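Each of the next two complexes has chain A plus one other chain: chain B in the first, chain C in the second.
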Partner chain A sequence: MNIEDNYLKNKKNIFFSENKDIQTHREKLINIFKDDRFDKKNNESLKNINLKNFIDFKYKYLIPEETSVINNNQENCYSIVSVNGQCSSFKDDKIEITKIIDEDYNDFSKNDTIEKNDHFVNLNSLFLNSGFKIVIKKNNNIKIKISNIITDDDLTIFQKNSYICEEGSSLNLIEEYENKNNSSSNILNVIKLEKNSQLNHFLIQDNSPNHNLIITTHSSCKKGSTYTQKVYNFSEGYVRNFHYSELIEANSEADLQGIFFLKDNNTSNNKTFVKHLAEDCKSNQVYKGILNDRSKATYFSNTHVDQVAQKTEGYQLSKGILLSDNASYFSKPELKIYADDVKCSHGSTIGPIDENAIFYLRSRGMSKIAATKILISSFINEELSSIDNEQMSEIIQKKLIRYLSKVK
Partner chain B sequence: MFLEIKDLSVKIENKNILKSLNLNINKGEVHAIMGPNGSGKSTLANVLAGKEDYEILNGRINFKDNDLFDLNIEERAQEGMFLAFQYPVEIPGVNITPFLHSAINSKRKRMNEEEIDNLSFAKLLKSKASDLGINIDMLKRSVNTGFSGGEKKRYEILQMSILNPDLAILDETDSGLDIDALKIVTDGVNKLKTKDNSFLIITHYQKLLDYIKPDYVHVMVNGSIVKSGGSEIAAEIEKDGFQKFQ
Partner chain C sequence: MNSETLNTLNSYSKNKYKYGFVTEIDDEKPKKGLNEDTIKFISLKKKEPEWMLAWRLKAYSKWKKMKEPKWANLSFPEIDYQDIYYYSAPKGFEKKPKDLSEVDPKLIETYNKLGIPLEEQKVLSGVAVDVVFDSVSVATTYKGELEKLGIIFCSIGEAIQKHPNLIKKYLGSVIPPGDHSFSALNSAVFTDGSFVYIPEGVKCPMELSTYFRINAENTGQFERTLIIADKGSYVSYLEGCTAPKRDDNQLHAANVELIALEDAEIKYSTVQNWYPGDEDGKGGIYNFVTKRGLCAGKNSKISWTQVETGSAITWKYPSCILKGDNSIGEFYSVAITNNFQQADTGTKMTHIGKNTKSKIISKGISLGKSQNTYRGEVSFLRKADKARNYTQCDSLLVGNQCGAHTVPYIDSKNNTAVIEHEASTSKINEDQLYYCRQRGLSHEEAVSLIVNGFCKQVLQELPMEFAVEAQKLVSISLEGSVG
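Entry: the complex of A and B
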């Protein structure tokens, strides 16, 4: 079924179908797909994937029967269960959780930083069926854990979430994606950090082989705010993590980190695009991958330093270990600098595991497999040891041990 | 015979490095191999330790009644062979203490000995490090990472003293060491020397042999041992160089 027919057939189940402006926007999107001129060579959203598989899908959505928000005020900790992309509304003096409304959609669709030719974001806007908005109120310091659950096979979740950290607030956000059914999630997160706020965002991805997960995040940071994203991808299904970040006021910071562990025929596509639009801002991007068997990964990194963004510090680093001759990792770090007083660097190192290090460890009595595993662990040691959340650290260590148990 | 190398020929990337090399080492002996750059000394050390880049063209090596070529790299280490590297590899993220603990226990396991527990190992490591003038803080670091040349060599000797090998091969352990560090390292080696273990010391210079007295000195040129004798050969080389052996 073509995109237009698919949309028209399911229109009544899609959010904001009655809104004329939104409908007009969606018609434009349909025309993009109708043109069918997909630039596979230059469009980073199309690398390593067959777009047809994602366009030609059977739409299916079920409204969840039960969602929950549990808060423990003593620890300022909230547990949210998001079912099929939706969660319960909730309000107290620290946070407010609501469903997304028409105005939020406009906020997403008018965003210029997110590429207009990102077909997955366009699909998300077209078939939107879920999402929520969370506001962290001024000067509050809280933790939120979100478990993302999909109830049935064959569900296609198109979800938009909005996070707003008000002035002086601090949020530690842990998101778990551990879906075992045959389904797909296409999620767009839009995150706004007001003055002097902070968001530490952990994403743990561990889906089964038949679950596709596409996450696109856009963050914007105002004066003195910091957004930190750490993605740990252990999924056996396809995962796309794209991140667009704007440092719009002075002394703001974006720290983006992604570690992925791939095997079999799995693919992971990663992209970061950081815009420095004000003075004295910092960005740091570290992406590391371990690839076994016939797995594939891409990492596109782009740091754009506007001419007003003096005293910028912008760093990009990507590293990969290929455990098999058939694994591949394509990395393309780019810097575009229009200011003259900046410190920026980029680097990329991809290759097999260091044979000299293996020999050294084996010459002390360690088996080849033990040496390989210890070197894989050491490759990501710096990132793992920087996790200051004990529970997260334990979860990731367990998943790492599971991944290593399959390395031969 | 403790170590017997018979008629060994080895090549790498179509280049013959070792040519019909013969060497016998008995238990409790210290042998030194001296030779000019490119004579094949480090190749011999690497082949003994099991590095897989080399192609064995001919010959055999027996070590403690084992055909060495039947043992892989780690099995050789577990059987008691130890190579102190000329250029120890930096391994960021691999902490020294658990690495060495794991190494000693892999050897004990092969020897059907009881594994050493955390506390006993920590005590052993601390005591051996102190003997070698190694700061305890260094043991919290990653293997060879950020070490100076002297620290790397001292750390190699620390590993050797912990693993207590039957045959230790020291590949140019003296290179990059100042006189004080050389003394500390050689003291460490001398403390380990017993009637039951053997040493194969590879060096360019006599200086190292002033501190570790060899029973035999061999001159290696162009992949073969061309002369063997006692300490007087080292003095001869110090005086006249390797020219006359080539």
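Entry: the complex of A and C
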């Protein structure tokens, strides 16, 4: 079924179908799909993907029967269970959770940083069927853990979430994606950080082989705010992590990090994009990947420094280890610089595990497999040891051990 | 930024192009525009055999179906291919002069203005110069000496007539005419260029050199260069360019093919200083060049060195296909852009054979309102066991209206291959400037010194004859640009 028919057939289940402006916007999107010839070579969002699965899909959505649970068991700690992308409303003096409404739609869709020909973001706008909005109130310091649950097989979740950190607030956000059924989620998060606010965003992804996860984040940082994102991808199914960050006022910072562990026939596409639009901002983009068997990965990183963004510091690093003959890794670290007083650099390496290091360990009586495992652990140790949340660190260690047990 | 820096920058950006003069020589042209008749005219003028004309026409039919590649970070008005002369040869050159005394004295004068006294160069530097003035080879020196060794160094036109077997075998083997629209265009209408063949086991005793010059107005120069290094041979080839000042944009789409067989080595150096347009971005050469080398045999090596200071638009990616086991590809580049110049340049290293190695050093310097992009691709194919790449690209920004961009594509499909890439972008270090000024250098001198130091890694790869010229060129580009 083509996209237009699919959309028209399921229109009644899709959010904001009655709103005329949104309607016109969606018609435009449908036309993009009609005109586009899906140029895999030049469209970053399409590389290594089996397009048919995503363009020619069966739409299915269930409004959750069990309502989501919001617990406030400890002070300043909230745990949320989001079911099929939805979350019930909640309000206290620190946070407010609501459903997304028509007016939020523009925040999601009229965004210049996210590429116009990103078909997945366009699909998300077209078939939107879930989402929530969380506001952290002024000068509060809280922790939120969100578990994303999908109740049935073959569901297609198209979700838009909005996070707003008000002035001086600080949020530790842990998101878990651990789905064992054959569904697919397409999520767009829009994050706004007001003056002097801070957000530490952890994403743990560990889905079963038939679950597809497409996650796109757009964050914008105002004066003195800091956005830190750490992505841990242990999924056995396809995952796409595209994360955009805009530094719109002075002294703001963005730090986008990720590690992915791939095996079998799995594919992962990753992208980070930082746009420096103001003076004295800092950014950092670090992605590391370990690829085994016939897995494939791409990583696009991009630092854009506007003409006014003097005194910028922007760093990128991409590292990949190929464990097998059939794995492949594509990396494109891009710098676009229009200001002169900047310090920007990027580095990228791809290679096998250092043979000399293996030799050293083996000469001390270690088996080859044990040596390989130790070296993989040390490759990502810097990122793991920087996690200051004990519970998180434990979860990730366990998953790492599980991945390593399959390495031969 | 202090006022002094601004003054210096302004003085740079006002520096006039020193080589802007036009030599008045009558020339013969076909009608403007590109069609089959133009191609037949060129082929006839060059007295080419039938198969060559057929080859050209085939390329032309491919070109008609193609569009210009659009992915580069460049903006320029649409090129009107029907508004260009595709052939221009100074009159009376159909009979080649035997020595310099038979050459039009005006031509000799032109070279003297450029600072290449042909006669002197012959004696002093021992360089055999094959000068291309517009489209016809004018004088070739040291030919006899090369002939003794069995080296063929002549214009491509001559090679088509005298060595058809080599041409048939290798022309278009590295850059197929249908590769992209500029290669198809060149294949259809190329007029002249150099042909070099180094026989088995011969080390070419001198640097082979060509000076290209675009002279007649509105003449796109489409040269085609083909260099073949047979087993165990070595050759170093120099190419340098300056063009007189023009207001109309001139199109230049050259193709350069290198083939290195087993144990052979080719070193190809370019200094490009074509008219970059004036300070308002008017005029200048459009330079769309395809350069590609094939390391066909085991242990072969191809090394590209380029200093790019001219042209309004530079679109150039000298690349290496590392097919033979243990072959080596190198790329050293300095690209300086000023005023409204745009450069999108880099390289492509394709590792196919085992133990292949490549090294990329690229230095970009942007001044004025220019845009300078490094675009490079390194790919390891499945069978490229133990292949190795190292890439370093640094950019220097002078002034706050220019842009410096780095777009590397890195693709690895082999788990024993190692690839390293690093890049940095910054402005001229204030501490270094302060240090130089404290020791009595003027601001301009200090900037020039620092920039020359920044480029040193690349400049030292140039052969002696070029290194001096290149250093001067860097200073001149800065002088009018950074000084």
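The criterion applied here is as follows: the second predicted complex is superposed on the first by the 403 of 408 C-alpha atoms of A that agree within 3 Å, B and C clash if a C-alpha of one lies under 4 Å from a C-alpha of the other, contacts with A are read in each partner's own complex, and residues count from 1 in each chain.
In the analysis below, a contact is a pair of C-beta atoms (placed from the backbone, for glycine too) under 8 Å apart; a residue touches a chain by one contact, two chains touch by 3 or more.
Please read all numbers here as calculations on a predicted model, not as lab measurements.
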Fit-or-clash call for chain B and chain C when the two complexes are aligned on chain A: fit
Which of chain B and chain C A:370 touches, first, second, both or neither: first
For chain A as apex, the angle formed with chain B and chain C - C-alpha centres, to the nearest 10 degrees: 70
Contact breadth on chain A, by residue count: chain C or chain B: C
First, second, both or neither for A:378, with chain B first and chain C second: first
Chain B versus chain C as contact partner of A:332, first or second or both or neither: second
First, second, both or neither for A:310, with chain B first and chain C second: second
Chain B versus chain C as contact partner of A:356, first or second or both or neither: first
A:341 touches, of chain B and chain C: first, second, both or neither? second
Minimum C-alpha separation between chain B and chain C after superposing on chain A, in Å: 11
Common interface positions of chain A, toward chain B and toward chain C: none
Interfacial residue positions of chain B with respect to chain A in the complex: 49-52, 72-74, 76-78, 82-83, 85, 88-89, 91-94, 99-100, 102-104, 106-107, 110, 142-143, 159, 163
Chain A residues touching chain C - in the complex, by the definition given at the top: 42, 307, 310, 320, 322-325, 327-352
Touch list for chain C against partner chain A, complex: 71, 382, 395, 397-427
Residue numbers on chain A that touch chain B, as the complex places them: 354, 356-357, 359-368, 370, 374-375, 377-382
